[in-house]
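Chain IDs A, B, C and D follow the sequence of writing; residue 1 opens each chain.
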Amino acid sequence: MSVTIRPVEAADKAEWQRLFEGYQLYYERPDLPQEFYDTAFARLMARDPRDFAGLVAVGDEGHLLGLTHYVFHPHMWRPEGVCYLQDLFTKPEARGQGVARALIEAVYAAADNAGVPSVYWLTQEFNYAGRMLYDKVATRTPFIRYNRAL
Amino acid sequence: MSVTIRPVEAADKAEWQRLFEGYQLYYERPDLPQEFYDTAFARLMARDPRDFAGLVAVGDEGHLLGLTHYVFHPHMWRPEGVCYLQDLFTKPEARGQGVARALIEAVYAAADNAGVPSVYWLTQEFNYAGRMLYDKVATRTPFIRYNRAL
Amino acid sequence: MSVTIRPVEAADKAEWQRLFEGYQLYYERPDLPQEFYDTAFARLMARDPRDFAGLVAVGDEGHLLGLTHYVFHPHMWRPEGVCYLQDLFTKPEARGQGVARALIEAVYAAADNAGVPSVYWLTQEFNYAGRMLYDKVATRTPFIRYNRAL
Amino acid sequence: MSVTIRPVEAADKAEWQRLFEGYQLYYERPDLPQEFYDTAFARLMARDPRDFAGLVAVGDEGHLLGLTHYVFHPHMWRPEGVCYLQDLFTKPEARGQGVARALIEAVYAAADNAGVPSVYWLTQEFNYAGRMLYDKVATRTPFIRYNRAL
(Lines give C-alpha, C1' and ligand atoms only; values in the text may rest on other atoms or scores of the structure.)
Protein backbone atom coordinates (compact mmCIF):
# COMPACT_ATOMS: atom_id res chain seq x y z
CA MET A 1 0.00 0.00 0.00
CA SER A 2 1.21 3.48 -0.75
CA VAL A 3 0.18 6.51 1.25
CA THR A 4 0.13 10.07 0.02
CA ILE A 5 0.14 13.00 2.42
CA ARG A 6 -1.46 16.25 1.25
CA PRO A 7 -3.29 19.24 2.73
CA VAL A 8 -6.93 18.62 3.54
CA GLU A 9 -9.27 20.02 0.88
CA ALA A 10 -12.90 21.08 0.75
CA ALA A 11 -13.93 17.86 -0.99
CA ASP A 12 -12.55 15.84 1.94
CA LYS A 13 -15.11 17.13 4.40
CA ALA A 14 -17.18 13.97 4.87
CA GLU A 15 -14.23 11.61 5.15
CA TRP A 16 -12.26 14.06 7.24
CA GLN A 17 -15.17 14.33 9.64
CA ARG A 18 -15.41 10.57 10.04
CA LEU A 19 -11.74 10.47 10.97
CA PHE A 20 -11.99 13.38 13.38
CA GLU A 21 -15.01 11.73 14.98
CA GLY A 22 -12.93 8.61 15.51
CA TYR A 23 -10.26 10.71 17.15
CA GLN A 24 -12.74 12.47 19.41
CA LEU A 25 -14.15 9.08 20.36
CA TYR A 26 -10.67 8.04 21.49
CA TYR A 27 -10.88 10.96 23.91
CA GLU A 28 -14.35 9.86 24.96
CA ARG A 29 -16.13 12.72 23.30
CA PRO A 30 -18.82 11.05 21.22
CA ASP A 31 -21.81 12.96 19.91
CA LEU A 32 -20.20 16.34 19.49
CA PRO A 33 -22.59 18.62 17.61
CA GLN A 34 -22.21 18.98 13.86
CA GLU A 35 -21.29 22.59 14.52
CA PHE A 36 -18.09 21.42 16.19
CA TYR A 37 -16.95 19.72 12.98
CA ASP A 38 -18.18 22.53 10.74
CA THR A 39 -16.23 25.12 12.70
CA ALA A 40 -13.08 23.04 12.80
CA PHE A 41 -13.23 22.31 9.08
CA ALA A 42 -13.88 25.92 8.19
CA ARG A 43 -10.80 26.93 10.14
CA LEU A 44 -8.66 24.49 8.19
CA MET A 45 -10.11 25.74 4.91
CA ALA A 46 -9.34 29.36 5.80
CA ARG A 47 -5.61 28.62 5.38
CA ASP A 48 -4.75 31.19 8.02
CA PRO A 49 -1.04 30.79 8.73
CA ARG A 50 -1.71 31.72 12.35
CA ASP A 51 -4.34 29.01 12.77
CA PHE A 52 -4.33 25.25 12.35
CA ALA A 53 -3.38 23.50 9.14
CA GLY A 54 -4.57 20.01 8.33
CA LEU A 55 -2.92 17.18 6.46
CA VAL A 56 -4.54 13.96 5.38
CA ALA A 57 -3.14 10.58 4.42
CA VAL A 58 -4.69 9.19 1.25
CA GLY A 59 -4.56 5.51 0.32
CA ASP A 60 -4.37 3.82 -3.05
CA GLU A 61 -8.07 4.05 -3.66
CA GLY A 62 -8.28 7.72 -2.87
CA HIS A 63 -9.86 7.38 0.55
CA LEU A 64 -8.60 9.13 3.66
CA LEU A 65 -6.69 6.93 6.06
CA GLY A 66 -5.58 9.47 8.61
CA LEU A 67 -5.33 13.12 9.54
CA THR A 68 -3.20 15.53 11.51
CA HIS A 69 -3.75 19.12 12.61
CA TYR A 70 -0.88 21.39 13.61
CA VAL A 71 -0.36 25.04 14.42
CA PHE A 72 2.57 27.39 14.88
CA HIS A 73 2.52 29.39 18.07
CA PRO A 74 4.89 31.73 19.85
CA HIS A 75 7.47 30.38 22.27
CA MET A 76 9.14 32.66 24.78
CA TRP A 77 12.56 31.12 24.37
CA ARG A 78 12.55 30.86 20.57
CA PRO A 79 11.69 33.90 18.49
CA GLU A 80 10.73 31.71 15.54
CA GLY A 81 8.11 29.91 17.60
CA VAL A 82 7.19 26.24 17.77
CA CYS A 83 4.92 23.86 15.94
CA TYR A 84 2.27 22.07 17.98
CA LEU A 85 0.95 18.87 16.45
CA GLN A 86 -2.33 18.61 18.30
CA ASP A 87 -4.37 15.93 16.53
CA LEU A 88 -3.24 12.70 14.92
CA PHE A 89 -5.47 9.85 13.89
CA THR A 90 -5.30 6.80 11.67
CA LYS A 91 -8.44 4.86 11.02
CA PRO A 92 -8.33 1.48 12.76
CA GLU A 93 -8.35 -0.56 9.54
CA ALA A 94 -5.28 1.29 8.28
CA ARG A 95 -3.03 0.93 11.31
CA GLY A 96 0.41 -0.60 11.29
CA GLN A 97 1.16 0.59 7.79
CA GLY A 98 3.10 3.74 8.51
CA VAL A 99 0.24 6.21 8.14
CA ALA A 100 0.81 8.01 11.43
CA ARG A 101 4.55 8.11 10.89
CA ALA A 102 4.07 9.58 7.41
CA LEU A 103 1.77 12.24 8.85
CA ILE A 104 4.24 13.17 11.58
CA GLU A 105 7.07 13.35 9.07
CA ALA A 106 4.97 15.58 6.83
CA VAL A 107 4.45 17.95 9.75
CA TYR A 108 8.19 17.93 10.32
CA ALA A 109 8.68 18.91 6.68
CA ALA A 110 6.05 21.64 6.90
CA ALA A 111 7.69 22.96 10.03
CA ASP A 112 11.07 23.03 8.33
CA ASN A 113 9.55 24.88 5.39
CA ALA A 114 8.11 27.45 7.75
CA GLY A 115 11.45 27.96 9.48
CA VAL A 116 9.98 26.61 12.72
CA PRO A 117 11.65 23.24 13.11
CA SER A 118 10.69 22.61 16.74
CA VAL A 119 7.68 20.30 16.67
CA TYR A 120 6.07 18.85 19.77
CA TRP A 121 2.92 17.09 20.86
CA LEU A 122 1.26 15.82 23.99
CA THR A 123 -0.09 12.35 24.51
CA GLN A 124 -1.59 10.46 27.38
CA GLU A 125 0.95 8.46 29.31
CA PHE A 126 -1.09 5.30 28.66
CA ASN A 127 -1.37 5.75 24.89
CA TYR A 128 0.80 2.69 24.44
CA ALA A 129 0.21 2.16 20.73
CA GLY A 130 0.94 5.79 19.98
CA ARG A 131 4.03 5.87 22.14
CA MET A 132 5.51 2.83 20.40
CA LEU A 133 5.67 5.04 17.33
CA TYR A 134 6.52 8.30 19.09
CA ASP A 135 9.58 6.74 20.74
CA LYS A 136 10.89 6.05 17.24
CA VAL A 137 10.27 9.46 15.67
CA ALA A 138 10.64 11.81 18.64
CA THR A 139 12.03 12.20 22.14
CA ARG A 140 10.00 11.69 25.24
CA THR A 141 10.47 14.57 27.66
CA PRO A 142 9.83 14.64 31.42
CA PHE A 143 7.21 17.36 30.95
CA ILE A 144 3.67 16.71 32.11
CA ARG A 145 0.65 18.92 31.62
CA TYR A 146 -1.37 20.74 34.26
CA ASN A 147 -4.75 22.25 33.39
CA ARG A 148 -6.58 24.97 35.22
CA ALA A 149 -9.61 23.29 36.80
CA LEU A 150 -12.68 24.83 35.25
CA MET B 1 4.45 40.72 53.12
CA SER B 2 2.08 41.86 50.44
CA VAL B 3 2.58 41.06 46.79
CA THR B 4 1.27 43.06 43.87
CA ILE B 5 0.92 41.56 40.42
CA ARG B 6 1.14 43.87 37.44
CA PRO B 7 2.26 43.78 33.80
CA VAL B 8 5.98 44.00 33.30
CA GLU B 9 7.11 47.51 32.31
CA ALA B 10 10.11 48.97 30.53
CA ALA B 11 11.66 50.13 33.81
CA ASP B 12 11.68 46.53 35.08
CA LYS B 13 14.20 45.35 32.54
CA ALA B 14 17.18 44.79 34.82
CA GLU B 15 15.25 43.09 37.60
CA TRP B 16 13.14 41.12 35.13
CA GLN B 17 16.30 39.87 33.47
CA ARG B 18 17.75 38.69 36.76
CA LEU B 19 14.61 36.69 37.40
CA PHE B 20 14.49 35.22 33.91
CA GLU B 21 18.16 34.29 34.24
CA GLY B 22 17.31 32.42 37.42
CA TYR B 23 14.56 30.60 35.59
CA GLN B 24 16.85 29.67 32.70
CA LEU B 25 19.38 28.43 35.21
CA TYR B 26 16.76 26.08 36.60
CA TYR B 27 16.60 24.58 33.11
CA GLU B 28 20.38 24.43 33.01
CA ARG B 29 20.79 27.19 30.48
CA PRO B 30 23.30 29.54 32.04
CA ASP B 31 25.20 32.08 30.03
CA LEU B 32 22.58 32.80 27.40
CA PRO B 33 23.68 35.80 25.34
CA GLN B 34 22.36 39.23 26.25
CA GLU B 35 20.56 39.20 22.93
CA PHE B 36 18.33 36.40 24.23
CA TYR B 37 17.08 38.61 27.05
CA ASP B 38 16.83 41.72 24.88
CA THR B 39 14.69 39.93 22.32
CA ALA B 40 12.43 38.38 24.92
CA PHE B 41 11.95 41.68 26.73
CA ALA B 42 11.24 43.56 23.52
CA ARG B 43 8.52 41.06 22.68
CA LEU B 44 6.86 41.63 26.04
CA MET B 45 7.07 45.38 25.58
CA ALA B 46 5.44 45.20 22.13
CA ARG B 47 2.13 44.26 23.81
CA ASP B 48 1.15 42.19 20.79
CA PRO B 49 -2.00 40.30 21.78
CA ARG B 50 -0.82 37.37 19.64
CA ASP B 51 2.52 37.16 21.42
CA PHE B 52 3.56 36.65 25.02
CA ALA B 53 2.49 38.91 27.85
CA GLY B 54 4.47 39.20 31.05
CA LEU B 55 3.38 39.76 34.62
CA VAL B 56 5.62 40.48 37.55
CA ALA B 57 5.13 40.14 41.29
CA VAL B 58 6.28 43.20 43.21
CA GLY B 59 7.06 43.13 46.93
CA ASP B 60 6.61 45.80 49.58
CA GLU B 61 9.84 47.54 48.71
CA GLY B 62 9.09 47.74 45.03
CA HIS B 63 11.44 44.98 43.94
CA LEU B 64 10.45 42.17 41.61
CA LEU B 65 9.92 38.84 43.35
CA GLY B 66 8.68 36.75 40.45
CA LEU B 67 7.53 36.67 36.86
CA THR B 68 5.30 34.79 34.51
CA HIS B 69 4.95 34.78 30.72
CA TYR B 70 1.82 33.53 28.97
CA VAL B 71 0.43 33.48 25.47
CA PHE B 72 -2.89 32.73 23.84
CA HIS B 73 -2.74 30.27 20.99
CA PRO B 74 -5.24 28.44 18.80
CA HIS B 75 -6.66 25.12 19.88
CA MET B 76 -8.32 22.83 17.38
CA TRP B 77 -11.12 21.81 19.70
CA ARG B 78 -11.89 25.25 21.12
CA PRO B 79 -12.50 28.14 18.76
CA GLU B 80 -11.60 30.65 21.49
CA GLY B 81 -8.15 29.11 21.91
CA VAL B 82 -6.16 28.36 25.04
CA CYS B 83 -3.75 30.18 27.30
CA TYR B 84 -0.28 28.69 27.70
CA LEU B 85 1.55 29.74 30.82
CA GLN B 86 5.11 28.99 29.74
CA ASP B 87 7.39 30.61 32.29
CA LEU B 88 6.97 30.98 36.05
CA PHE B 89 9.66 31.94 38.48
CA THR B 90 9.94 33.21 42.02
CA LYS B 91 13.27 34.30 43.31
CA PRO B 92 14.60 31.87 45.90
CA GLU B 93 14.51 34.35 48.78
CA ALA B 94 10.81 35.02 48.19
CA ARG B 95 9.53 31.46 48.08
CA GLY B 96 6.83 30.05 50.28
CA GLN B 97 4.96 33.34 50.44
CA GLY B 98 2.38 32.83 47.75
CA VAL B 99 4.18 34.64 44.94
CA ALA B 100 3.84 31.85 42.38
CA ARG B 101 0.24 31.24 43.31
CA ALA B 102 -0.56 34.94 42.91
CA LEU B 103 1.10 34.95 39.50
CA ILE B 104 -0.86 31.89 38.34
CA GLU B 105 -4.10 33.39 39.60
CA ALA B 106 -3.35 36.63 37.77
CA VAL B 107 -2.91 34.65 34.56
CA TYR B 108 -6.26 32.97 35.25
CA ALA B 109 -7.83 36.40 35.59
CA ALA B 110 -6.17 37.67 32.40
CA ALA B 111 -7.38 34.57 30.58
CA ASP B 112 -10.92 35.15 31.82
CA ASN B 113 -10.75 38.76 30.68
CA ALA B 114 -9.66 37.62 27.26
CA GLY B 115 -12.51 35.13 27.01
CA VAL B 116 -10.00 32.27 26.91
CA PRO B 117 -10.42 30.60 30.28
CA SER B 118 -8.51 27.39 29.49
CA VAL B 119 -5.05 27.83 30.97
CA TYR B 120 -2.41 25.10 30.97
CA TRP B 121 1.28 24.66 31.53
CA LEU B 122 3.92 21.98 31.35
CA THR B 123 6.33 21.09 34.07
CA GLN B 124 8.96 18.45 34.58
CA GLU B 125 7.66 15.41 36.40
CA PHE B 126 10.36 15.91 39.04
CA ASN B 127 9.63 19.57 39.75
CA TYR B 128 8.48 18.62 43.21
CA ALA B 129 8.33 22.09 44.72
CA GLY B 130 6.36 23.41 41.76
CA ARG B 131 3.97 20.48 41.73
CA MET B 132 3.15 20.93 45.42
CA LEU B 133 1.61 24.23 44.37
CA TYR B 134 0.23 23.10 41.01
CA ASP B 135 -1.73 20.30 42.63
CA LYS B 136 -3.53 22.95 44.65
CA VAL B 137 -4.37 25.38 41.87
CA ALA B 138 -4.74 23.09 38.86
CA THR B 139 -5.34 19.53 37.73
CA ARG B 140 -2.62 17.17 36.76
CA THR B 141 -3.38 15.48 33.46
CA PRO B 142 -1.95 12.23 32.09
CA PHE B 143 -0.46 14.10 29.12
CA ILE B 144 3.27 13.96 28.54
CA ARG B 145 5.28 15.84 25.97
CA TYR B 146 7.18 14.46 23.01
CA ASN B 147 9.64 16.65 21.12
CA ARG B 148 10.94 16.16 17.63
CA ALA B 149 14.59 15.23 17.99
CA LEU B 150 16.61 17.97 16.35
CA MET C 1 -4.01 -23.18 20.06
CA SER C 2 -4.42 -24.37 23.62
CA VAL C 3 -2.03 -23.49 26.38
CA THR C 4 -1.43 -25.49 29.52
CA ILE C 5 0.13 -23.95 32.60
CA ARG C 6 2.07 -26.23 34.94
CA PRO C 7 4.99 -26.02 37.36
CA VAL C 8 8.38 -26.07 35.71
CA GLU C 9 10.02 -29.51 35.87
CA ALA C 10 13.57 -30.81 35.68
CA ALA C 11 13.09 -31.96 32.09
CA ASP C 12 12.24 -28.37 31.05
CA LYS C 13 15.70 -27.05 31.78
CA ALA C 14 16.89 -26.40 28.23
CA GLU C 15 13.66 -24.81 27.00
CA TRP C 16 13.19 -22.91 30.26
CA GLN C 17 16.69 -21.50 29.90
CA ARG C 18 16.03 -20.31 26.38
CA LEU C 19 12.96 -18.44 27.60
CA PHE C 20 14.75 -16.94 30.59
CA GLU C 21 17.57 -15.85 28.29
CA GLY C 22 15.02 -14.07 26.13
CA TYR C 23 13.67 -12.33 29.20
CA GLN C 24 17.13 -11.28 30.36
CA LEU C 25 17.80 -9.97 26.90
CA TYR C 26 14.73 -7.75 27.21
CA TYR C 27 16.47 -6.22 30.22
CA GLU C 28 19.66 -5.89 28.20
CA ARG C 29 21.53 -8.59 30.07
CA PRO C 30 22.85 -10.85 27.34
CA ASP C 31 25.66 -13.29 27.95
CA LEU C 32 24.97 -14.08 31.57
CA PRO C 33 27.17 -17.00 32.64
CA GLN C 34 25.70 -20.49 32.56
CA GLU C 35 26.04 -20.48 36.33
CA PHE C 36 23.36 -17.82 36.52
CA TYR C 37 20.84 -20.12 34.84
CA ASP C 38 21.98 -23.20 36.74
CA THR C 39 21.54 -21.47 40.07
CA ALA C 40 18.14 -20.05 39.18
CA PHE C 41 16.89 -23.39 37.91
CA ALA C 42 18.16 -25.26 40.95
CA ARG C 43 16.25 -22.86 43.19
CA LEU C 44 13.04 -23.56 41.30
CA MET C 45 13.63 -27.30 41.51
CA ALA C 46 14.19 -27.10 45.29
CA ARG C 47 10.46 -26.36 45.75
CA ASP C 48 11.23 -24.29 48.82
CA PRO C 49 7.98 -22.55 49.74
CA ARG C 50 10.02 -19.55 50.92
CA ASP C 51 11.82 -19.22 47.60
CA PHE C 52 10.64 -18.72 44.02
CA ALA C 53 8.28 -21.05 42.23
CA GLY C 54 8.17 -21.30 38.46
CA LEU C 55 5.31 -21.95 36.09
CA VAL C 56 5.58 -22.62 32.38
CA ALA C 57 3.08 -22.35 29.56
CA VAL C 58 3.11 -25.39 27.29
CA GLY C 59 1.69 -25.35 23.77
CA ASP C 60 -0.03 -28.08 21.78
CA GLU C 61 3.22 -29.66 20.71
CA GLY C 62 4.62 -29.84 24.18
CA HIS C 63 7.08 -26.98 23.81
CA LEU C 64 7.41 -24.18 26.32
CA LEU C 65 5.86 -20.90 25.22
CA GLY C 66 6.37 -18.80 28.33
CA LEU C 67 7.40 -18.73 31.96
CA THR C 68 6.75 -16.91 35.18
CA HIS C 69 8.56 -16.88 38.52
CA TYR C 70 6.89 -15.73 41.72
CA VAL C 71 7.65 -15.68 45.41
CA PHE C 72 5.76 -15.04 48.62
CA HIS C 73 7.36 -12.56 50.94
CA PRO C 74 6.42 -10.80 54.16
CA HIS C 75 4.49 -7.55 54.09
CA MET C 76 4.40 -5.30 57.13
CA TRP C 77 0.74 -4.45 56.74
CA ARG C 78 -0.54 -7.95 55.97
CA PRO C 79 0.39 -10.84 58.22
CA GLU C 80 -0.28 -13.34 55.42
CA GLY C 81 2.30 -11.64 53.18
CA VAL C 82 2.18 -10.85 49.48
CA CYS C 83 3.03 -12.60 46.24
CA TYR C 84 5.61 -10.97 44.01
CA LEU C 85 5.47 -11.98 40.38
CA GLN C 86 8.98 -11.06 39.32
CA ASP C 87 9.53 -12.61 35.91
CA LEU C 88 7.10 -13.06 33.02
CA PHE C 89 8.05 -13.93 29.48
CA THR C 90 6.37 -15.25 26.37
CA LYS C 91 8.48 -16.23 23.44
CA PRO C 92 8.05 -13.77 20.58
CA GLU C 93 6.47 -16.29 18.20
CA ALA C 94 3.76 -17.11 20.74
CA ARG C 95 2.61 -13.62 21.58
CA GLY C 96 -0.92 -12.36 21.26
CA GLN C 97 -2.42 -15.72 22.13
CA GLY C 98 -3.10 -15.28 25.79
CA VAL C 99 0.04 -16.96 27.10
CA ALA C 100 1.05 -14.15 29.45
CA ARG C 101 -2.49 -13.71 30.69
CA ALA C 102 -2.78 -17.43 31.42
CA LEU C 103 0.49 -17.32 33.34
CA ILE C 104 -0.63 -14.35 35.42
CA GLU C 105 -3.95 -16.00 36.16
CA ALA C 106 -2.16 -19.16 37.22
CA VAL C 107 -0.12 -17.12 39.68
CA TYR C 108 -3.35 -15.62 40.98
CA ALA C 109 -4.69 -19.12 41.52
CA ALA C 110 -1.49 -20.26 43.23
CA ALA C 111 -1.62 -17.20 45.47
CA ASP C 112 -5.22 -17.95 46.38
CA ASN C 113 -4.29 -21.52 47.19
CA ALA C 114 -1.53 -20.28 49.46
CA GLY C 115 -3.89 -17.90 51.26
CA VAL C 116 -1.87 -14.94 50.01
CA PRO C 117 -4.15 -13.35 47.45
CA SER C 118 -2.28 -10.05 47.08
CA VAL C 119 -0.20 -10.36 43.93
CA TYR C 120 1.88 -7.54 42.51
CA TRP C 121 4.62 -6.93 40.00
CA LEU C 122 6.80 -4.12 38.72
CA THR C 123 7.25 -3.17 35.12
CA GLN C 124 9.03 -0.43 33.29
CA GLU C 125 6.80 2.52 32.52
CA PHE C 126 7.61 2.10 28.82
CA ASN C 127 6.77 -1.60 28.60
CA TYR C 128 3.85 -0.73 26.36
CA ALA C 129 3.04 -4.23 25.14
CA GLY C 130 3.09 -5.59 28.66
CA ARG C 131 1.01 -2.77 30.05
CA MET C 132 -1.69 -3.30 27.44
CA LEU C 133 -2.25 -6.66 29.12
CA TYR C 134 -1.59 -5.56 32.70
CA ASP C 135 -4.24 -2.85 32.48
CA LYS C 136 -6.75 -5.61 31.76
CA VAL C 137 -5.77 -8.05 34.50
CA ALA C 138 -4.52 -5.73 37.25
CA THR C 139 -4.55 -2.18 38.57
CA ARG C 140 -1.85 0.29 37.89
CA THR C 141 -0.73 2.02 41.08
CA PRO C 142 1.08 5.36 41.46
CA PHE C 143 4.03 3.59 43.09
CA ILE C 144 7.45 3.89 41.51
CA ARG C 145 10.62 2.13 42.51
CA TYR C 146 13.79 3.65 43.94
CA ASN C 147 16.99 1.60 44.13
CA ARG C 148 19.96 2.20 46.34
CA ALA C 149 22.77 3.26 44.02
CA LEU C 150 25.49 0.64 44.21
CA MET D 1 19.89 18.13 67.24
CA SER D 2 21.49 14.72 67.15
CA VAL D 3 19.65 11.62 66.02
CA THR D 4 20.46 8.07 67.03
CA ILE D 5 19.27 5.11 65.01
CA ARG D 6 18.73 1.81 66.82
CA PRO D 7 16.53 -1.27 66.57
CA VAL D 8 13.04 -0.83 67.92
CA GLU D 9 12.63 -2.30 71.41
CA ALA D 10 9.73 -3.52 73.50
CA ALA D 11 9.68 -0.33 75.57
CA ASP D 12 9.11 1.71 72.40
CA LYS D 13 5.68 0.28 71.74
CA ALA D 14 3.56 3.35 72.53
CA GLU D 15 5.76 5.84 70.68
CA TRP D 16 6.35 3.43 67.82
CA GLN D 17 2.60 3.00 67.44
CA ARG D 18 2.02 6.73 67.28
CA LEU D 19 4.56 6.99 64.47
CA PHE D 20 3.16 4.03 62.58
CA GLU D 21 -0.32 5.53 62.97
CA GLY D 22 0.96 8.72 61.40
CA TYR D 23 2.37 6.72 58.52
CA GLN D 24 -0.87 4.82 58.00
CA LEU D 25 -2.71 8.14 58.02
CA TYR D 26 -0.50 9.31 55.17
CA TYR D 27 -1.87 6.36 53.22
CA GLU D 28 -5.39 7.28 54.30
CA ARG D 29 -5.82 4.36 56.63
CA PRO D 30 -6.97 5.94 59.89
CA ASP D 31 -8.67 3.93 62.61
CA LEU D 32 -6.93 0.62 62.03
CA PRO D 33 -7.80 -1.74 64.89
CA GLN D 34 -5.39 -2.01 67.79
CA GLU D 35 -4.83 -5.60 66.69
CA PHE D 36 -3.13 -4.32 63.53
CA TYR D 37 -0.50 -2.51 65.59
CA ASP D 38 -0.14 -5.33 68.10
CA THR D 39 0.50 -7.87 65.37
CA ALA D 40 2.99 -5.66 63.55
CA PHE D 41 4.88 -4.88 66.74
CA ALA D 42 4.98 -8.52 67.80
CA ARG D 43 6.52 -9.42 64.46
CA LEU D 44 9.26 -6.84 64.94
CA MET D 45 9.93 -8.09 68.45
CA ALA D 46 10.24 -11.69 67.23
CA ARG D 47 13.55 -10.78 65.54
CA ASP D 48 12.91 -13.37 62.84
CA PRO D 49 15.60 -12.80 60.20
CA ARG D 50 13.06 -13.83 57.55
CA ASP D 51 10.51 -11.24 58.68
CA PHE D 52 10.60 -7.46 59.07
CA ALA D 53 13.09 -5.63 61.22
CA GLY D 54 12.40 -2.19 62.61
CA LEU D 55 14.67 0.75 63.29
CA VAL D 56 13.78 3.91 65.11
CA ALA D 57 15.32 7.35 65.18
CA VAL D 58 15.72 8.73 68.68
CA GLY D 59 16.19 12.42 69.43
CA ASP D 60 18.16 14.17 72.15
CA GLU D 61 15.42 13.77 74.71
CA GLY D 62 14.98 10.09 74.11
CA HIS D 63 11.75 10.32 72.16
CA LEU D 64 11.16 8.56 68.86
CA LEU D 65 11.31 10.82 65.84
CA GLY D 66 10.92 8.29 63.05
CA LEU D 67 10.79 4.65 62.09
CA THR D 68 11.57 2.31 59.25
CA HIS D 69 10.68 -1.33 58.62
CA TYR D 70 12.60 -3.48 56.16
CA VAL D 71 12.76 -7.12 55.16
CA PHE D 72 15.03 -9.33 53.12
CA HIS D 73 13.31 -11.39 50.48
CA PRO D 74 14.39 -13.66 47.65
CA HIS D 75 15.15 -12.24 44.22
CA MET D 76 15.23 -14.47 41.18
CA TRP D 77 18.24 -12.78 39.66
CA ARG D 78 20.33 -12.49 42.83
CA PRO D 79 20.90 -15.51 45.00
CA GLU D 80 21.66 -13.32 48.02
CA GLY D 81 18.23 -11.66 47.77
CA VAL D 82 17.23 -8.03 48.17
CA CYS D 83 16.24 -5.71 50.98
CA TYR D 84 12.82 -4.09 50.76
CA LEU D 85 12.43 -0.93 52.80
CA GLN D 86 8.67 -0.84 53.10
CA ASP D 87 7.83 1.78 55.72
CA LEU D 88 9.53 5.09 56.49
CA PHE D 89 8.11 7.85 58.59
CA THR D 90 9.34 10.93 60.38
CA LYS D 91 7.02 12.75 62.69
CA PRO D 92 6.00 16.10 61.22
CA GLU D 93 7.67 18.20 63.93
CA ALA D 94 11.02 16.50 63.26
CA ARG D 95 11.20 16.89 59.51
CA GLY D 96 13.97 18.59 57.63
CA GLN D 97 16.61 17.47 60.11
CA GLY D 98 17.95 14.41 58.40
CA VAL D 99 15.89 11.82 60.27
CA ALA D 100 14.63 9.99 57.19
CA ARG D 101 18.04 10.05 55.58
CA ALA D 102 19.64 8.61 58.72
CA LEU D 103 17.04 5.84 58.77
CA ILE D 104 17.63 4.97 55.11
CA GLU D 105 21.37 4.95 55.64
CA ALA D 106 20.96 2.68 58.63
CA VAL D 107 19.01 0.25 56.46
CA TYR D 108 21.82 0.41 53.92
CA ALA D 109 24.28 -0.49 56.67
CA ALA D 110 22.08 -3.34 57.93
CA ALA D 111 21.78 -4.63 54.37
CA ASP D 112 25.53 -4.52 53.94
CA ASN D 113 25.98 -6.39 57.19
CA ALA D 114 23.58 -9.05 55.99
CA GLY D 115 25.44 -9.42 52.69
CA VAL D 116 22.35 -8.20 50.82
CA PRO D 117 23.37 -4.77 49.63
CA SER D 118 20.52 -4.24 47.13
CA VAL D 119 17.98 -2.06 48.89
CA TYR D 120 14.85 -0.75 47.22
CA TRP D 121 11.54 0.85 48.08
CA LEU D 122 8.38 2.01 46.41
CA THR D 123 6.82 5.41 46.74
CA GLN D 124 3.90 7.20 45.21
CA GLU D 125 4.85 9.26 42.22
CA PHE D 126 3.39 12.34 43.94
CA ASN D 127 5.27 11.93 47.22
CA TYR D 128 7.16 15.11 46.45
CA ALA D 129 8.71 15.66 49.86
CA GLY D 130 9.89 12.08 50.02
CA ARG D 131 11.27 12.10 46.51
CA MET D 132 13.33 15.24 47.19
CA LEU D 133 15.27 13.07 49.62
CA TYR D 134 15.15 9.82 47.66
CA ASP D 135 16.70 11.49 44.61
CA LYS D 136 19.70 12.28 46.80
CA VAL D 137 20.20 8.89 48.41
CA ALA D 138 18.96 6.52 45.70
CA THR D 139 18.20 6.14 42.02
CA ARG D 140 14.77 6.50 40.58
CA THR D 141 13.95 3.62 38.26
CA PRO D 142 11.34 3.47 35.48
CA PHE D 143 9.54 0.64 37.29
CA ILE D 144 5.93 1.11 38.30
CA ARG D 145 3.78 -1.22 40.34
CA TYR D 146 0.73 -3.16 39.24
CA ASN D 147 -1.53 -4.81 41.81
CA ARG D 148 -3.95 -7.64 41.27
CA ALA D 149 -7.42 -6.12 41.66
CA LEU D 150 -9.04 -7.79 44.65
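Criterion: a residue touches a chain if its C-beta (ideal position, glycine included) is under 8 Å from a C-beta of that chain, and two chains touch if they have at least 3 such contacts.
Please read these numbers as outputs of a predicted model, since none were measured by experiment.
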Third chains touching both chain D and chain C: none
Distance-maximising chain from chain B - centres being C-alpha averages: C
Euclidean distance of C-alpha centroids - chain B vs chain C, Å: 47
Chain centre separation in whole Å, for chain B relative to chain A (CA means): 27
Computed distance of Cα centres, chain C from chain A, in Å: 39
Shared interface positions of chain C, touching two or more other chains: 125-126
Chain contact graph, described as a line, ring, star, complete graph or other shape: ring
Inter-chain touch pairs (all): A-B, A-C, B-D, C-D
Residue ranges of chain B in contact with chain D within the complex: 125-126, 128-129, 131-132, 135, 140
Footprint of chain C on chain D - complex, ascending: 36, 39-40, 43, 50-52, 69, 71, 73-77, 79, 84, 86-87, 108, 111, 117-126, 134, 137-150
